[in-house]
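Going by the order they are written in, the chains are A, B, C and D; count residues from 1 in each one.
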Amino acid sequence: MTGSDHIFPGKLIAYTSSLDLNLLQKTLNQTCNHFTTICSKRLNIREEEQCFLHNKLFSTSQCLMELRLRSRVRVIDNSPIGKAAATAGKPGKIMHVYNVAAVGRIGDKVMINIMGQKKKGYIVGCRQKQKTNVPRFDTNNVVLVEDSGTPTGTRIRHPLPSCLRQKRYGEKHSGEFTKILSIATKFV
Amino acid sequence: MNIIQKHICRCLIQKCNSGNVPLSFVPARQATVLNWLLDKHRKSQLSQQPEKEDDIEQETIMVPRDYKYLYPEFLPPANYRHRDRIREKLERQDMFCRRTMIEVPEFYVGSILAVNVADTYAPSKNTRFVGLCISRENDGLRTNFILRNHIDGNGIEIKYDMYSPLLQSIEVLKLEKRLDDELFYLRDCPPEYSTIQFDMEPIHLPTGSAVPLNTIKVPLGPRPWDKKWDIKNFKGLQPSNRVLGKRAAIRLERSAKPWEEHDLMKQYRENINDEDVETVLKEVVLKTKKKSTKSQRRQ
Amino acid sequence: MASRSPLVCASNCLQNILFRDAFTISRVLTCYQPVRYRKRSSRHPEWFVRRRVKSFDEGLTQENKQFIKDLTVEQYKNKPSPLKEEPLERGEWDLRTRRTGVLALKIGVIPQWRKDGTKIETTLLQIIDNHVIRYSPPEKFAQSAGWKPWWGRKYGSVVVGALSCEPHLFSKEYNNLFTEAGVPPKRKMTRFLVSPNAAIQPGLPLTAMHFRVGDYIDAQAKTIDYGFQGVVKRHGMKGGPASHGGTKWHRRMGGTGGGGNMAGIWKGKKMPGHMGADWNFAKGLRILRINTKYNVLYVTGTTPGGNHCYVRIMDTCLPNRRREIQNEPPMPTFYPEDVTDQIQEEYIDETLFDFKEPSIEYIDEESNK
Amino acid sequence: MSLKIPYSQTARKLRGTFGVGSGPSGRIKRLRMCVTGLIRHERIESTFARCDETRGYAERLINIASRHGDKDKYAMEVADYWLLEKDLIHKLFKVIVPRYENHRSSYTKLYMLPKELPGYGKDMGVLELKDNPWPQVVPKQRETKYFLTNMLVDELRKEHHRTKRSPFVNKILETSADNIDIDSIQNQYILDNLVDNDEGKTKNDQSHENKND
């Protein structure tokens, strides 16, 4: 995580325009120290979210932890866009849920705005409260999919919920789920 | 006082103290039958099939003191509006039947479990999950417990119904207690405190030893948190460095309820009293007596 | 006690006669009247019989109280049963018959599991001390004031009582209602409409075996009394915003009507008022399990009302569910002579998981092949 | 230990005990004063709602004191909190707890006072500890054993026992042992009953006669 220049581009430009080099050095040092200390502890979306926002620390989570419009998600496959988003500290945001209720749950299809691109994906783990025997994850996980239906990544190195396997036999998107499940490594 | 007033006085006093019938002075708005009245009807000789009194109530059985914490799911709810003697009895029958089929071991919040569940879509028709028990909730057939583990950078929690027929086995890998009744704060703690290897070998305690208490104090991670853990006085948490603002401090001061510490009636309403606990646990002692030699702790 | 004075006998007879006359004029004795709109009044209905009498402490000693209690029990046990005299003919069941219902008490709600592993909520309903107290055939029923013209001459009526009490609690008029059935006075009574082929004799006990496992029933009960409630809780309206300048506008209703030609508040506008304590149905519930020892029915889903409230249970009126019945239900009710074997303690539905069985295991079909 | 009094699942708020807005802390403050008053004077008069609320707290306090004893830390803490005048702690453990040692029913008694018309508009009540030294609230009722109804029912009972066979004999009949002399058993049963009743009667009769004299 050495992406400090990604974080405050506006500030940087302001400093460079004023040519106050001493101040610039100070701020850069401060920010770098801050990031290294926090991000070495754990790689979690919420940390990045917090860094991305500002120095003030306040929670942005909803009370029900539902996946709605503009809620942030983590990409867990090894696609290059997902990695870039994680390093840049810019998690993808949900633009649309292909669903009548407009609330995403496990196995629902969503459209995501990630690094300025429009991508489609499947929700593969939720922070929301779940039924019995269904796992509840600490983060909202998503697997990206191309328009043709093939997954963009080649491997998923995170566990997927076991109840996702019944989607393979369903009427909707059964072909796309078989492709996702074939690149998965672990089930919970 | 004139004569009429005296008469009214006499009537009211009679109303208050007539017979053994408990009078509730707060009028019951609901059109329901009270517990004691219903039990009287069930046992009365005028009815078609009068219910026989239990032999268990008359027997003198010593209930061990730790049974209250060993079998917490057998304790009925404290609210008398939600209680019924026959329903509880039928529910307990089902629970005992289930316990003969599957061995439910002794475990507490903070001990490590491995659970096998039937799953139609798994290739082996079975899934195994290992985790730390965070909470035990509810009573009767509704009891459930939550296991937590941290796998490949993902915190995962699964809730299980204890009396669901899908459960194949429950195995205790490490028997332990923690300082708190629920450990939901582990969600916002560093992941090493909730990571457990799937191939962990069970740790056996020597026979007859007491259940060890783990006095570990867990540090909290950086904010944002799921809830304001630092305010809630958990014993198993390290005090955080968070400095409260002026408004937050005022809010915390206002939310404090020091008078509830000694509110005796509030405690009585929220917790079930000891006499009711004993009548329930007597049955548990009788039913578990047969198996006790078989499933003694950590042989 | 054994030998009554002639004066007392005369007064009793007089009351019987008086009451019978009043009964034909008044409505049929029930606790439930079907009404088109919500009717709340403190006035007693026409069929009302005063149950309680002003009692004062007679100062009986503990021994004598117990003796009188025992005496009443003995009296009702030794009473000649009205069933032996003239048994009614038992009719045959067809799709249009209406059998009697029973009056049960809601005990609680617990989860159960199906054999495929899904969890369902079941309500427990206990039937305590149910007896048939009066049957009036359609011709007689049509003359009474409780009769509604749209029923025609199709239905007779049956009064069912539950929870038997000691007679000294009630008035003489109320106790006389039970002389025909020969049972102790009941705490609660209801009326059911019955088709003539399901005619039933007073004095018959009704148990949980009146229904079978797999039958569908309707449950009717009074909902929980919430008292005077606002518009948000009573009708589920949205209220106002919590902030953004919402002054005294958080839980209020919006406009009450338009202007112009149709101005004014229309009848039936949803407004704050008394909520609950109203009769409500839950239809098409399936019986999953029957416990004959305690007379308890396990029924799918939930019924209206709180814990320990009275529930009227009858055969379902949904036509599609009725057609699913393959065997004839016991007509007019279950007689213990019908069954040659001993009655089991529990009957369990095929789809329901029995806790005596081992836990569910799925079989891998592909590997078996 | 369970309470032997009726109580509601929802507590009364007792609004306005220390002015409007005193809230739940004001409620507890008032109840503490009532409990100390009850332990001090053994009988208090207040509004009925307040009496009914204090009743539960007083019962629980005596319950805890009798169960844990005066050497327990928790019991002393509770007593220290609820009794504002500290000399009463000694009275609670040394006087009141031994008084109710073999008591099965509730420790307190509650009465409703008549309404005065025109009056304050609230029900008034009296709360007292049982077995207190004060004169009784309700005057003691006359002994009812020699009322006419009682005497008549007594006679009926005796007659009933004579004529009716006992359930004990009926049971033997059902099992149908042929060679048992039923009449002898029946006679014995009646005799036993008679003797018991006569003894009781003679004793009471004597006392009654003495009183009349």
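Keep in mind that, in the parts below, a residue touches a chain if its C-beta (ideal position, glycine included) is under 8 Å from a C-beta of that chain, and two chains touch if they have at least 3 such contacts.
All of these numbers come straight from a predicted model, not from anything done at the bench.
Between subunit A and subunit D, the least number of touching-chain steps is 2. Per-pair counts of C-beta contacts peak for the chains B-C.
Taking the mean of each chain's C-alpha atoms as its centre, the chain lying closest to the overall protein C-alpha centroid is B. For the pair subunit A and subunit B, the distance between mean C-alpha positions equals 38 Å.
Under the contact definition stated at the top, not a single residue of subunit D touches 2 or more other chains. Multi-chain contact residues, meaning those touching two or more other chains, occur in subunit B at positions 81, 119-120, 161, 164, 166. For subunit C, residues that reach two or more other chains under the stated contact definition are 119.
Pairwise, the chains that make contact are A-B, B-C, B-D, C-D. Residue ranges of subunit B in contact with subunit C, taken from their complex: 14, 18, 29-35, 38, 41-42, 44-49, 51, 81-82, 84, 86-87, 90-91, 94, 97-98, 101-102, 118-120, 123, 125, 140-142, 161, 164-168. Across the complex, subunit D is touched by residues 1, 58-61, 63-64, 67-68, 71 of subunit C. Subunit B meets subunit A in the complex at residues 117, 119-122, 127, 129, 144, 151-161, 164, 166, 187, 190-191, 221-226. By the touch criterion given at the top, residues 1-3, 5-12, 24-25, 28, 48, 52-53, 56-57, 60-61, 64, 77-78, 81-82, 109-117, 137-138 of subunit D touch subunit B in their complex. Across the complex, subunit C meets subunit B through its residues 57, 72-73, 76, 105, 107-108, 110-113, 117, 119, 124, 126, 128-129, 131, 163-166, 184, 187, 205, 222, 224-225, 227, 277, 291, 294-296, 305-310, 353, 355-364.
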